[in-house]
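Here's the structure, in structure tokens; my notes come after.
Order of writing sets the labels: A, B, C and D. Residues in every chain begin at 1.
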Amino acid sequence: MDHGTDNVMLPEETPELKALYEGFEKESIIPLWTQLGDLMPVHPKSKAVPHVWKWSKLNALAEKSGDLIPVGRGGERRALGLANPGLAPNAYISPTLWAAIQHLGPRETAPEHRHAQNAFRFVVEGDGVWTVVNGDPVRMSRGDLLLTPGWHFHGHHNDTDHTMTWIDGLDIPFSQQNDVGFFEFGSDRVTDYATPNFSRGERLWCHPGLRPLSGLQDTVNSPIGAYRWEFTDRALTEQLLLEDEGHPATVEQGHAAIRYSNPTTGGDVMPTIRCEFHRLRAGTETPMRREVGSTVFQVFDGEGAVVLNGETHKLDKGDMFVIPSWIPWSLQAESQFDLFRFSDAPIMERLGFMRTLVEGA
Amino acid sequence: MDHGTDNVMLPEETPELKALYEGFEKESIIPLWTQLGDLMPVHPKSKAVPHVWKWSKLNALAEKSGDLIPVGRGGERRALGLANPGLAPNAYISPTLWAAIQHLGPRETAPEHRHAQNAFRFVVEGDGVWTVVNGDPVRMSRGDLLLTPGWHFHGHHNDTDHTMTWIDGLDIPFSQQNDVGFFEFGSDRVTDYATPNFSRGERLWCHPGLRPLSGLQDTVNSPIGAYRWEFTDRALTEQLLLEDEGHPATVEQGHAAIRYSNPTTGGDVMPTIRCEFHRLRAGTETPMRREVGSTVFQVFDGEGAVVLNGETHKLDKGDMFVIPSWIPWSLQAESQFDLFRFSDAPIMERLGFMRTLVEGA
Amino acid sequence: MDHGTDNVMLPEETPELKALYEGFEKESIIPLWTQLGDLMPVHPKSKAVPHVWKWSKLNALAEKSGDLIPVGRGGERRALGLANPGLAPNAYISPTLWAAIQHLGPRETAPEHRHAQNAFRFVVEGDGVWTVVNGDPVRMSRGDLLLTPGWHFHGHHNDTDHTMTWIDGLDIPFSQQNDVGFFEFGSDRVTDYATPNFSRGERLWCHPGLRPLSGLQDTVNSPIGAYRWEFTDRALTEQLLLEDEGHPATVEQGHAAIRYSNPTTGGDVMPTIRCEFHRLRAGTETPMRREVGSTVFQVFDGEGAVVLNGETHKLDKGDMFVIPSWIPWSLQAESQFDLFRFSDAPIMERLGFMRTLVEGA
Amino acid sequence: MDHGTDNVMLPEETPELKALYEGFEKESIIPLWTQLGDLMPVHPKSKAVPHVWKWSKLNALAEKSGDLIPVGRGGERRALGLANPGLAPNAYISPTLWAAIQHLGPRETAPEHRHAQNAFRFVVEGDGVWTVVNGDPVRMSRGDLLLTPGWHFHGHHNDTDHTMTWIDGLDIPFSQQNDVGFFEFGSDRVTDYATPNFSRGERLWCHPGLRPLSGLQDTVNSPIGAYRWEFTDRALTEQLLLEDEGHPATVEQGHAAIRYSNPTTGGDVMPTIRCEFHRLRAGTETPMRREVGSTVFQVFDGEGAVVLNGETHKLDKGDMFVIPSWIPWSLQAESQFDLFRFSDAPIMERLGFMRTLVEGA
């Protein structure tokens, strides 16, 4: 074991001891002392590994899938799961999170279903698809974050003659590991093919600090179906301008960031997934940081790098990477550098497991 | 007493009884049985009365005050308190709330101070004044709600050559009655005479559902210093459009409404004062309603009436009225009818006293 | 005004100014600048005064009332309200709180009623009365705290041939001032004349840290109808023993104290009233302290004194005193000194007004 | 897949398709459509299986381990993990929970350590061991529940000449799966060999509804180190008596139950583990029930059976069984039947995944 001491509880094997261990096996028992080091490490040591996926590769494979694989009932989605090499043979990007590239061809429909798993979509490029969530059609455009919380019916349709690709994030690994999943099919088509600019959820809820009197009950999930790029961009721009003017606004010097939140509580958008957007000024380098829980980034714009466990990875638009629990990481911005982030931090915080270690802090 | 029974505890007066009552007085004692009916009414029976103030009169008096009364240290504000006739000689609009018309002449400054009392301003007409809250200059324009929560320094200055008038709402009566007030003078001038279109608080916080990572601590008061008319109007417009399209959005048929909220919690903007804005379609009449606690309305636009305790009062732009606890009321809209509302409902809800009775519900 | 400056807003009287002030009066308006100092003091300056009531006097008057005043419908209770001299002619011990001595003769019944006001009883001496709360008979004995939260039916009956006297605490002044009161008569007798040692509420809830599965819904009020002296005494005894053994347990050196709490939330027993019990070792003197809100103490046992606003008052068993908001106070114990305390602190904390200043801290 | 439909997204294999799948593999990508049925089941289908362990067997193996295996640094504990046959080769009783029999010989000490994982002990028989939690010695006796929440130092020592055996419950599988574990060695001995009847935590906190003024900060974990059998037994006894008397008290007819709770919040004792105790009258049979999440029972006294997924298992004192997520179960009592229960329900509730289905409800 790696606890820095010898294990005094492993005596020499004798016939009696052998009989004891056979007794254990027969009775479905395993002694703690033979495996403590793995069960209770000094600090989190994930089987998941830090990994970077290049958008150029992902996108090409998605396009190719569009040519070869029909979308429809049973498989449900033309989604390519980013499979952490440390978690093979599962298609898990981390022990808790699922991340995938989803692709929809011209005029295609991904049929409706619902599941206990929480999901979101983020659009790094393209437009023309509407996702229909509990009957409310939501436009998908570059920079938008779309929510489909647990047990909400949802399907997608492409209203154009070009393809579209985006990323999906879900808590599938957590749900599967903890046996919480339910699934139900809905309509084979989407229930509403309208293509409004703004969903009904947005029209009710996207007015800063204003709450409809028809919506005074707090909800576990955010009632905002789409967080538009226009607002995110403006918020980040203002933070950097305020920093320029000498006022506190950014999270660190040169580092603007927002967390997407549930307006009924001020908390995270869904109970298991946190979503954020980060913007670094050119030249900014964030302090090395370790956190409990896993997180995924996608580069939205600009150029830079991430240092993951001491190794530097250059990053371009669309590139995605995963940081497992307690792996040290730092971001470096060559140009202005925009990144979308999601993580399992709400799980860690709600269950009292969150810890953070920032170098030099 | 009004409890519908006789009080069996009031025996005929005898010398012994007289001596007992004298003993009470000497020892600072008052028997419950002589006054129960007043102390414990069958339902709330406020000393405050329903009352309507006409904007035309208020405004004229405010203008006249501007001519005759200087603004400055000691008196602090050129504010005219709406004094509920039932609460004389106090300048209280209700047992918990203060409402006043405040007036600032061309180029005048109302000096900075702070107090434990929570305050807001609402602008029914005019512009040109900036309120400076903890050093952050906030523009005041028609339709805006401005917050100055407890113990925030604030002063006002008029950057124009015309006068400006707005309303103030505070919890002064509650604070005075319950002995919670603290007060401190600040600068005799405002600390920043800049006149930006948007305050720093708005630039950080007025992006729907987006929370700055530099502001993850929940706060008792909303960090939004100004709720702009543009957003309020849009939110109400969308509710009525959604209703037209057949979707749930309004609080009642023909009645759109928003509550101003604290984005860090989803709750009220301040711990003692609730602020809302209501829009009725022409022809809408709300059901007769009784609520625990007191509320004040100001007509923002349109024409209509309020029925207060059975009496109908015609209302024009700027008119204000108060509804004491448990007084039945209903609104009637002749044209599209816009009203700003504030109340002490957060007190009632946090202390478990809220009750509502809606006719026909 | 007492703000330490002159009020520059009080110009010399002119005919025009006089006309303006007449206009104010006609329109139910009062200018802020004429009364700011009273409305917004530098710190809380209560009309209520610190005051001590001697138990010997209170008790004698209660006994005498028992001889002369019948108890029954209409007056409802033979209760003597402690009337703060600064709040005459009201029978309020403070701006928020009501405190009274209640007396019940042999075999008497105080009839059932309910009200929105929250109430408790505390027993400084005697026994033999049961209070019946929503049909559950609760024994009253020396040292017990009994709750009758808002809108719970309750009556009392004396099952013995001797008289009994106890204190009542309610939020009557707060309720009356803020117009939140409702009242309803119940049975003219109590609904259950059984005299069990323990109420059903205690039998379900008085097991430390154990929650019945039939009671998993959180409640605004504590479900514990009686907090028994036996437990309070043991808790305080243990705190002092732990202090003797060198462990942290007391709130200050020589000062043990418990707060009565709602086991469903860990919070106060009722939304407006905090109840505590304090025990000082002989010789202990607490630091001078100021708090927002008002509080009442009753001496339960031992001898000592309270310093109220600089004046020392000797105290004997049963004596009661009130400390208005922001008045400095300190307790001094000659012998071991036991005191019951109640206050309006939950109001102050829930509404964000609490402040405390401890000398030397 | 088992979704009741065919998967239209699995076209015939072509060279092009083969190349696509090779591309996926090279880029660490796995398509969703090849595995949706496993990832997103119609309802939870745990790999864990229902299983019963007989106490007679467990106890004999524990005794034998005591003879052959020393206890000490490295292995840390002589603990036998109950390994769910469906989760081999892991020693997990469920996907989230760890359950073990721990054994300590005469005069032995299990050294101190701490870990992020939350732990408790429950004593089905015996006495004589003290567990020392953050320096506070806690007696272990039959029927007691002992807490050692995350990151609290703890060790055990046997103060007698006889052996002792108890059960441990932890969130080790959850912690390992989600990479949240930290571990640190403490003293090789326990830091305090005193053997008091009651721990300091109990002396401060085990007074029903009373909170020390020195402990007003809410804590994530219960401050009560030991929930004594005496209180649990009395609470259950009272519930059945109240039921006999015709009052609501039990959770179902003939079924008394308590939840161990954190007195600072009223919530669960630790953020990931719920602990309860159930008592069934002879002849009682609980309705068939399915719940999200996994749970473990140990028979404390009496005889009865559990129906797990349609199969009936006879149960004797000390027997343990696990119920994986969504497996239907019912308890049957031959005699009065006492059972200790723990589960991962706080995880399910805090993350919004809890669902319950009760037959006939």
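Just so it is clear, a residue touches a chain if its C-beta (ideal position, glycine included) is under 8 Å from a C-beta of that chain, and two chains touch if they have at least 3 such contacts.
All of these numbers come straight from a predicted model, not from anything done at the bench.
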* To do: For the copies chain B and chain C, give the interface type as same if over half of its residue numbers appear on both sides, and as different if under half do.
  => same
* Structure fact -> Between chain B and chain D, the Cα-mean centres are separated in Å by 52
* **Whole-Å gap separating chain B and chain C, where each centre is the average of the chain's CA atoms** => 30
* List the centre-to-centre spacing of chain A and chain B in whole Å, with centres computed as mean CA coordinates. => 43
* Structure fact -> Note: chain D residues in touch with at least two other chains are none
* Asked: Touching pairs of chains, which are they?
  -> A-B, A-D, B-C, C-D
* **chain D to chain A touching residues, read off their complex** => 1, 3-11, 14, 16-17, 20, 23-24, 27-36, 38-46, 48, 51, 53, 57-58, 61, 64-65, 68-85, 89-91, 95-96, 98, 100, 115-117, 150, 172, 174-185, 220-221, 271-272, 292-294, 324-326, 344, 346-348, 350-353, 355
* Structure fact -> chain D contacts chain C in the complex at 200, 203-214, 216, 218, 222, 224, 227, 231-232, 234-235, 238-239, 241-242, 247-251, 257-266, 269, 276
